[in-house]
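What follows is a short report on a single structure.
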Amino acid sequence: MTKLKLSGVSKAYGATLALRRGDLELDTGEVHVLIGANGSGKSTLCKIVAGSVRPDAGEVLLDGRAVTVSGPRAAQALGIGIFYQELSLADHRSVAENICLPDLPRKNGFFVDREALAEKASRYIALFESVAGAELNTAAIVGDLRADQRQLVEIMKALATEASILIFDEPTSALDRAQVDRFFEILRDLKEEGRSIVFISHRMDEIFAIGDRVTVIRDGETVGTEAIADTSPEAVIHMMVGKQETLAAPQAAPPSQEASHEIALTVESLTGVGFRDVNFAVRRGEILGLGGLHGQGQSALLKALFGAPPALAGQIELSGQPLRTENPRAAIAQGIAYVSGDRGRDGVISGRPILENVTPIHALRDGLVLARPTRLSEKALPALKALNTKFAGLSHSIGSLSGGNQQKIVIARWLIDKPDILLLDDPTKGIDLSAKADLFTLIRKLAKEGLAILLYSSEDAELLNNADRILVFNGGAVSRELSGAERTRYNLYHAAYEAA
Amino acid sequence: EDFKIGLSNGWVGSEWRTQMIEEAEQAAAAWKDKGVNVEVVAQSANVDVPGQIAHVRNFISQGVDAIIINPNSPTAFDPVFAQAKEAGILVIATDAEVSSPDAIYVGLDQKGWAMESAKWLAETLEGKGKVVAINGVAGHPANEMRVAGYREVFGEHDGIEIVNEVNANWDQAQGQQAMQNLLATYPDIDGVWVQDGMAAGAWRSIMDADKAGDIAATGEIRKDFIDIWTENDLNSGASVNPPGVMASALNVAVLMLQGRELKEPATAGQYNNAMYLPIPFISSENLEEVAASVEGKPGYYSYTSSLSIEDAEALFK
Amino acid sequence: MNRAIEIAKNPLLIALVLIAALLFLGNTLSPGFASGGQILRLLIVAALLGIVAAGQNLVILGGREGIDLSVGGVVSLSAIVAGNVMNGMDGGIPLAILACVATGALFGLFNGLGVTLLRIPPLVMTLGMLGVLQGLLVVIRQGIPSGRAAPALSEFVTKPFLLGLPGIIWLWIGVGLLMAFILHRTVFGHRIYAIGSNEQAAFMAGVPVRRIRIALFMLSGVFAAIAGLCLLGYSGSSFANVGEQYMLPSIIAVVFGGTPLSGGRGGYTGTMAGAVLLVVLQSILTTINIDESGRQMVFGVTLLVLMLFYGRGRGLRA
Amino acid sequence: MTSVSTSTRQENQGFRTLLGRFPFLPALFILVVLLVLNGIFEPNSLSFRSLTGLVRTYMALMLLAVAQTYVVYAAEIDLSVGAIASLVNVTIIVLMQNWGGGGLSVLAALGVGVLVGLACGLVNGFVVAALRLQAIVATFATSIFFTGLALVILPVAGMPAPTVFWRTYGGTFFGIPFVFYAAVALAFLLYLFARTRLATQLLAVGDGQQAAFQSGLPVTTIRIGGYVLCGVFAALAAFCITGDTASGDPLVGAKMTLFSVAAVVLGGSALSGGFGTVAGSVIAALIIGLINSLVFFAGTPSHWQNFVQGLAILAALMVGVLVSRRGRA
């Protein structure tokens, strides 16, 4: 039975047509997966359903009746709850207040019913008891929590609406495997209860693990809907990329040990906030993978090598010379590059032209004082071209691009003046499949040109397919090194999950 | 004899105020020759009305014998002055009148001060012409009394028309800008009634517009302006509001603390508690004399006068 | 059509249209208001405000709730310092300029250090600094000789200098060109925008965030100090609190120029128009013959109405 | 080595939890230090009578700081609180005068005063939240407007308040000064407000408007609610000003606006919103008062007083910000 039906929904942000023709049929009691490349309009579609974005055209039918969702409150009244991709949490409020924020329990009209608040919140926290960590309790301040815990709170907040339609826009991007598993169990229970669920993820395995049907969106248009049972990952990818058959298939086995013997970076007993006593050496031309469950110190290590913030103890040597990275500027000056997956926070200089987003590293390394647009363009264009970046003009705001292209801009800024070491901190987070393929092709090419590359990825497949060696992190320390034929999913999980 | 006198000043935004405190401190020192030890404690800072009420409370805590205050409000101090009186403290306001029956006012009659210069302007214009006024802060009691003063005088002259009145908040630069705008809009004005430091600004605009010869305007009492006045032979006249008023009030206070009685009790003014001091006037006639008396002083120094101890004694029985 | 709306939303254009409209209105209400000489004199006043607003503009562009409430205090202090250094003599002008710039830079440095090293919110830091400066004005006026402007300085500000325009207007044009150059043609300018729109990303791209923010506060101090020097020339002598009237108007001029207080967007050309707009508006109000209470009410409402044309925040529902 | 670092971390944790629960502790500490210093320089300043005077005089600033805190909760600011206080002050003075000055007329005038504050808050809320103008500039504009209105109602400072009104405010009942009853009532009121949904919602909006909106909160209404609350507390502040000054003055509150902002910061609230306490603001208002008197009692020469006071307030602001941040960071 169709619970919710969208037909011909469209939305333009100024000149950007985010959604051309969004169609979706959501049945009662199903998990409906929405998939599409970055910027294809998934979040926009969800936000329209949830009332936080005003559609330009189109029709929304709820239980067969046409409805107008005039805002988030109206959506809640209609029984629609949502998990926002970028979260909707109040950092200084407690977990309990956040979970119940949409509808604070009231007492005597004006007051918050504290008991009811705590009671309601604990019910939802209990759902994730085994995987959430002890810090996540009703009184904890959300801003003090880890990223995955915050994401869990947002999930609880969505669940607490008790809505009959639940939309999850990339709810698993920061969760570890155990958390995802628990979340999927809950989703199955909800399905049993007859709730209708929209689920978005870029991880193919998750989609096939939880979905009943899948709808593919391409360039703001719904391409089609298939039952999961009747389709395959390849078929879905084909629907996503459409006619462009150029998608490079992931490498089954990466080229092993093409690296030279010249050591680029040595790290000895490096200790910092979040990691301790890390030792390794990377050669030029090598891609060293950092694996394990997320949050085990991989990101912190990469950031420390980049000086943001610097490590507390231990030695780093760059080509045999001791390296001091007090701050990113010092690191950059010594030829270190760092690409963060959190581009909204660490990468994109929002609201500024593409040119200004590509050139800051060049300006720093060349010690430029004047910013001559023509000269800077000459430097920027080849780098952007190498990444197949799509953009209308260098003077356009970076905000006019899709997420994947924004990320390419951020990467391109490191390619103008070649660095010696490239630190990749989950660089494909939220990037679509074709962009990912482009990126890894490029990374391999850079390695061949003599760069030493450190790659952390939250997706195991990415590591296994692209890294020459993998350091598995567990509890802030390296628990195992996998190289050559050892690089199997089994070994990776084994090292990652064993008690630290 | 030992007396402790508290001086309270709630605004330090002009040099006139600092000069006022300094002169009062000097006046206190002068009592030494008479064998009277007058210790002054001063509170002088930018405060709001509650902040200045706190000044008075602080003086009460310290147990001073008298408080001399240049008040930020005419009426706001009634309750706290009542408390001061209860504590046996003599309260004298200066520069701005207060409504409290528990205090007396020793200073100028602000309305009379404005009338003096308005009269000068009206006479200079021979009783006819278009006049504009540039005033201080709207709603400020001293300003409103002055406005009432010049309006009364100009009202007595049928030939004088007030074409516009603007507020420049006692700020010299704002006075200059206001005058500039007024000159653009009313090119044919004959006179300007303007108070205090704003007069220097207004005159600057008048001179910039090359109208110094055609316009008569009131002036002010700082040395900088006296110099310009002299150099350019301006058609100006200024009632003097001397910073020495607080010193005068201090001398009166000491005599009252000594238990002496005023010949004529302070009963003047709208609140029936005022004792008005004479208002000196500067015009072309005595300009040279005034200029000589401020010779060698800094530019912001105001021409001043105050009751000497002897002058003050003359007021007492 | 869309393009027409884009153009019509340009803050500079809005300001220019509004200025023209106000001048027309002013001239209708009181003939002579929009005469050439009067416009020139309004521009002098606007230049004083505009130069203060240049620094304010930079600090605001730098983001992190950048704002400088201490500009008024720096203007006053600088006028006094300049007056005492030159003491009415042309020969003292170069030294006075140096002293002013140093004063402005010093207090800007204090603000900048407080904001970056101690991470005090700019509003709080500069508000506190304003209190300190007001106190300092009283202290340094004790027993210093004088505060007369040198004749050459006064002429520079008030008398025609080149092509019938006073020097201060040329100075202002120079400030405008300098600001445009800094903001758009230097790496420093790009970095200002970068820290204004995403400080963390700028930091990760090697931008010396603190140094730049400190530099912005110092520039704000320097611009305020230069304005103080010019104000001394304008009014002929220095006096306490001359600068007080610039604190909030300098912020309004920036906002009217299309730079939102959130930073990272906007520029100085609009601010220049914003300064003129504000000065013209105030002048019209002075010349209309109504009670001060009426003037204030009209002024308040007009500011609100004008703000509707600018930087209205975006709706929450996209 | 590891154990050392964890134990210091735990201490830090303890300090943070303490500060998280009682963000006004640093302010309270400064307050106590100032009281002691005042007492050392002028023992009389700690007498019951002096302390009563202190509270009586700074009650208005306390209330204005509270008013400001509620808008700061939502990451907003109100530069018109002083003007609202002036407007309410002249309104109630004129009404009390016109209605004869009896007990009933006083109460009626106070009722109107609250409504005036509420209306001003609505205007601010409307221009900031509904018209989406930038708060600093928009409330500066409304403050000019409110001042104009106050000048229309009472063109010049001076009309006296009915005796019954200010005698009550300055009076003593059952041996306890009226202001202490008022302070207790205020404390209770603030306690109640802290438990309202509006308080939580304001803080949530301060943490992030977009997120709050997407969570389904009526953001515009909440922001207007903050300004209305602010207006009402500004009206209460005006009552205290009127009680302490016994007269009307259309400019009386003007200088208090920036002090109210300073008090909010000093009290440990974040101007960026989402975090803060009204208790801190109340304490901070007293701190400002005590700094002023300490500068005097310590014997600072008159022309240095403003400077020293400015420095002391700047220093206190820095301490307030630094300590409260350590509690949160």
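Which chain is which? They are A, B, C and D, in the order written, and residues in each are numbered from 1.
Here is the rule we use: a residue touches a chain if its C-beta (ideal position, glycine included) is under 8 Å from a C-beta of that chain, and two chains touch if they have at least 3 such contacts.
It should be emphasised that the depicted structure is a prediction, and the values quoted were computed from it without experimental measurement.
Peer 1: If every step must land on a chain the current one touches, say how few steps get you from chain B to chain C.
Peer 2: Minimum number of steps from chain B to chain C: 1.
Peer 1: Going by the stated contact rule, which chains contact chain B and chain D alike?
Peer 2: Intersection of chain B and chain D contact lists gives C.
Peer 1: Counting only C-alpha atoms to place each centre, which chain is farthest from chain C?
Peer 2: A
Peer 1: Looking at chain pairs A-D and C-D, which one is connected by more C-beta pairs in contact?
Peer 2: C-D is joined by more C-beta pairs in contact.
Peer 1: If you average the CA atoms of chain A and of chain C, how far apart do the two points sit, in angstrom?
Peer 2: For chain A versus chain C, the centre distance works out to 43 Å.
Peer 1: Roughly how far is chain C from chain D, centre to centre by C-alpha average, rounded to an integer in Å?
Peer 2: Roughly 30 Å separates the two chain centres.
Peer 1: Quick check: how many Å separate the C-alpha centres of chain A and chain B?
Peer 2: Result: the chain centres lie 71 Å from each other.
Peer 1: Provide the list of chain A residues touching at least two other chains, using ranges where the numbers run on.
Peer 2: 52, 71
Peer 1: For chain D, which residues are shared contacts with two or more other chains?
Peer 2: 151, 155, 210, 213, 303, 305-306, 309
Peer 1: Which residues of chain C are in contact with two or more other chains?
Peer 2: 134-135, 138, 142, 291-293, 295-296, 316-317, in rising order.
Peer 1: Name the touching chain pairs, would you?
Peer 2: A-C, A-D, B-C, B-D, C-D
Peer 1: Which positions of chain C touch chain A when the two form their complex?
Peer 2: Listed in rising order, the residues of chain C that touch chain A are 2, 184-191, 193-194, 197-198, 200-208, 264-265, 316-318.
Peer 1: Help me check something: in the complex, which residues belonging to chain C touch chain B?
Peer 2: Those residues of chain C that touch chain B are 30, 32-33, 35, 37-38, 41, 45, 83, 134-135, 137-138, 141-148, 158, 231, 234-242, 244-245, 282-283, 286-287, 289, 291-293, 295-296.
Peer 1: Please give the residue numbers of chain D that touch chain C in the complex, ascending.
Peer 2: Per the stated touch rule, the residues are 77, 79, 127, 131-134, 136-138, 140-149, 151-152, 155, 209-210, 213, 219, 258, 261-262, 265, 270-272, 303-311, 313-314, 317-318, 321-322, 325.
Peer 1: Under the definition above, what is the set of chain C residues touching chain D in their complex?
Peer 2: So the residues of chain C in touch with chain D come to 65, 67, 114, 118-121, 123-125, 127-136, 138-139, 142, 248, 251-252, 255, 260-261, 291-301, 303-304, 307-308, 311-317.
Peer 1: Inside the complex, what are the residues of chain A that reach chain C?
Peer 2: Residues of chain A touching chain C: 13, 15, 47, 51-54, 71, 306, 308, 327-329, 331-333, 338, 340, 345-352, 356, 359-361, 363-364, 368-372, 413.
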